[in-house]
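Let me give you the structure first, and then I'll get to my questions.
Per-chain residue numbering starts at 1, and chain names A, B, C and D are given in the order in which the chains are listed.
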Amino acid sequence: MAKKKLHNDPTEYVSEMLEGFAAANPSHVRRVDETDIVVRADAPVKGKVGVVTGGGSGHEPMHAGYVGKGMLDGAAAGAVFTSPSATDMQELIEVCDGGAGVLAVVKNYEGDIMNFQTASDLAADTEYEQVIVDDDISVSEAEDRTGRRGVAGTVFVHKIAGAKAAQGASLSEVAATAEKAIDNIASMGVALSSCITPEKGEPTVDLSADEIELGIGIHGEPGVERTEHQSADDITERITTDVVKDLDLAMGDEVVAMVNGLGATTQSELYIVARELNRILDGKSIAVHDIWVGEYCTSLDMAGCSISLLRLDDELRELLNYPVETPAVTIAEP
Amino acid sequence: MAKKKLHNDPTEYVSEMLEGFAAANPSHVRRVDETDIVVRADAPVKGKVGVVTGGGSGHEPMHAGYVGKGMLDGAAAGAVFTSPSATDMQELIEVCDGGAGVLAVVKNYEGDIMNFQTASDLAADTEYEQVIVDDDISVSEAEDRTGRRGVAGTVFVHKIAGAKAAQGASLSEVAATAEKAIDNIASMGVALSSCITPEKGEPTVDLSADEIELGIGIHGEPGVERTEHQSADDITERITTDVVKDLDLAMGDEVVAMVNGLGATTQSELYIVARELNRILDGKSIAVHDIWVGEYCTSLDMAGCSISLLRLDDELRELLNYPVETPAVTIAEP
Amino acid sequence: MTDDTTLVVEAVERVADRLVAAEPTLTELDSQIGDADFGVNLRRGLTAVTETVKTDEFNGPDDVLDTVGRTLISEMAGSSGILFGKSLMEASDTVTDGIDYEAIVAFAVAYSDNVATQGDVTLGSKTMFDAIRPAVYALKRGQELDDVTPTQASAHAVKACEYGVGFTIPLRAKKGRASYTEWRSVGYPDPGAVAVLLILREIHDLVEQEHDETVEPSLPGDLDDVL
Amino acid sequence: MTDDTTLVVEAVERVADRLVAAEPTLTELDSQIGDADFGVNLRRGLTAVTETVKTDEFNGPDDVLDTVGRTLISEMAGSSGILFGKSLMEASDTVTDGIDYEAIVAFAVAYSDNVATQGDVTLGSKTMFDAIRPAVYALKRGQELDDVTPTQASAHAVKACEYGVGFTIPLRAKKGRASYTEWRSVGYPDPGAVAVLLILREIHDLVEQEHDETVEPSLPGDLDDVL
């Protein structure tokens, strides 16, 4: 049975969404005419490194939700689960170039990488660097695949790189700090139900009533393990243990955590997960600087969540707390 | 088939959620020991009117999400869809009394009203006033029922009353301004699917695959009409027309709008609705000061949305824009 | 504890067990015409009550009922928690001097009156009140006519309550969440009313046991053969 | 427009129609082992292509293919859009002087090479490349041996492509979203490969029509009887 959605012609899904998004957030963003690009209302910011990103739609508020003061200068939106076009990315790079060059935060996926690569070739006049985020630990490092995916932890990279650029750092400095953040982020998710794409209208993944899938990707790509449904505490413990291990976190380390809803999971459930996460980290004497709880990187209407941890040092902590004003995240001046 | 949720013992749902919520937001809030009350970290604020609310859980981020500087001083959380106890409400009132009295923002529902009434009797030492929010226009004013419900428009009342109190107004002034806001708010929702309570685990409402329900309540109470599923534009037009009519909005009026997700609807869909809402108001020459798009008052995991409009005057506009720092809404100092 | 105190504690425990066992049914009823939380609320409230009466010491039946009421207000909450709880507290004074027929009638009247005031409810609103008030009438009738045994009076109350519950079925709800179901509430019984019936049935079983007498729920003017 | 230009436009239109008609199948395949967007991406991209070739004026077949490629890059996007689109653009030079067997082979080689570089892909990765490269081999073989008619060469390419698609079925995906399905990708064909087969079948139909000759997909060393 096809699932009911609030939409019109599904092929207009992304452009209508962006129109609504721009109408709702005129003080933060504007849409570049005849593209699916959203940029800061005041882009380009003269003399500041532009920080941009792009990717398929269906992960809202990622990507356009993070465009604004202190975070992204712009984002290109592709069709649902589809990399944006190289031509949109080219325009994005050019529009966000305030003279100090542009850093692209790219999630580790061939489609995004191929299109950004072509785009940066086309935008030959802009000094360009890119960083590749690959925080999803549920993809093992076997040879047989495309490598770790970029998932919700990417939002921390947007935050860190955006703050660094706002402080006036150079392109290579912003890139280096973003790389440092990437090296210290790990994420893992769990799906309780499949996402349903607007055009297909049917579940992408066939999860039975009592199954869950650990390590699922944000497009419904399979994860590491299907198991019987478990309690929130058990799920949280399993994911947290793996993420902590991947980052080699030890007593005395400090982290910022994210409990990210995949789309159809209520905020109350996310807080139940946050509670157990906090207890586990506490039990390991890992300091929790903050927990971001909410929908940051969704998979359409998938039920489930992901947990991301970013290990902090003094620089990253300061950049994380740096004021920001975007549709999805606002941190006021202290 | 029971729906999978991220929870442990369902009877601990609310208290575990609140524990996670408090752990994630220590700078904004604290939980009052042995209660399901969340208050500002620095409550009571001396000399300021305390603004409080309470209601059943299942509407996250309502209610605790709005506790913080510039909005609510505290909120009492009941079990899912169940009014909080009079004893919790009593403690809430007492803890949030900074000497200038306490205003309770109560959604028009007997359970909440009966419990708040008993609570204010018990908290005899606190100067107490309450306002009743009844923004849901889908309940007609027939004699045969309990009257209009308080739904997502309540968030605007929290914002307005919170800002007024933050500016140092007296208890009766805060109450009067809240009343003015209430008189100028109207809301209406649509459900695409039923909510599922954590303990029951089955849909409350029996909506078939191609049916939607207009005017549904945030606990799954029936709405005004079941129809075939329609396009987002048609649904938006129907709701907007009714809301505009209820408020008697005319050319030249100015509003703030809210497109509120009921829990399982993606942000992209909400933006598609926001787009059409903006077009319709534009077509009627009604000025749109701002559109709040997101989950503000959910119904667990119900799919669908509601639209609320608040007619602005100079005072309400200023209060709406007043800086606020809560887990769910942040507006930075200009 | 006095005999009366022990008796009331036993009644409370038995009633609690019966309602908790009925939780799925009550939740189901509340999801047909309400918001699916009633059974759950009852279970949460009554689990706390059972805990309390097991551990606390009481001086008198009024103390038991007052404590149970307080526990329901703070633990059950919701519409039904404040209604059940506050009504128990308000009515508990009537049994200060012990439990007899007189006291029970006084209790029932006080309880019923409080539900009406607190809930701002009248008969025919399709609420628990529709199940309570007829039972109170039946008890009152026994007292006034003075021609019934306690077990018979109790049997009358149960039967009256059954009629009350039956009456809620065709009604259109005017109170609580169910009121929003409008015409769709017609055809379903009110869950609060059903809960009241279960309470009275359990108390009747206890009364039968205490008085070693069995009386089927009935009323003098029963219409069982006609209906 | 020259005859060759008109022919390429017709080929593009026919291929577009065929793939658009197959959208549900392709989406279904991509949801078995990918993320369910492939057919949708194709339809969006090809609808734009159809529009463009209807309205634009072209000077030469290379111009047609270059334009189609550009359109796919900007309108289809995704992994497959940049692969199909950029490969068309890169290969379009090969047909500047017109469409003949020679040119077609050169085109196929350039196209195939670009997919390999761009996608960083080798055979056996369970991608469209597995369907493309065998067809290129078949064409190349005809050219090298010089013993086939164009229609026969085309029939060989289709058959080769069928084998390529068949080959993707037992493979474990190493590229694209499908790679995350790991062992679960085994047993399902790659949607990109299936799309390539549909393209070649449509072109074969056109070739048969142009040359007024019917040749079933086949290869000299066919194993149809053994398999």
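Basically, a contact is a pair of C-beta atoms (placed from the backbone, for glycine too) under 8 Å apart; a residue touches a chain by one contact, two chains touch by 3 or more.
Everything quoted here is computed from the prediction, not taken from an experiment.
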item	value
Farthest chain (mean CA position) relative to subunit B	D
Subunit B-subunit D separation of Cα centroids, rounded to whole Å	55
Averaged-CA centre spacing for the pair subunit C and subunit B, given as whole angstrom	34
Sites on subunit A at which at least two other chains make contact	none
Arrangement of touching chains [line / ring / star / complete / other]	line
Which chain pairs touch, all of them	A-B, A-D, B-C
Residue ranges of subunit A in contact with subunit D within the complex	11, 56, 78-88, 110-111, 114-115, 118, 139, 144-146, 149, 197, 199-200, 202, 204, 217, 219-222
Subunit B-facing residues of subunit A, complex	1-2, 4-9, 13-14, 16-21, 23-24, 57-58, 60-61, 65, 192-193, 209-210, 212, 229, 231-233, 235, 259, 263-278, 288, 290-293, 295, 298, 300-301, 303-305, 323, 325, 330-333
Touching residues on subunit C, where the partner in the complex is subunit B	27, 31, 34-37, 40-41, 44, 70, 73-79, 81-83, 86, 118-120, 172-177, 179-182, 184
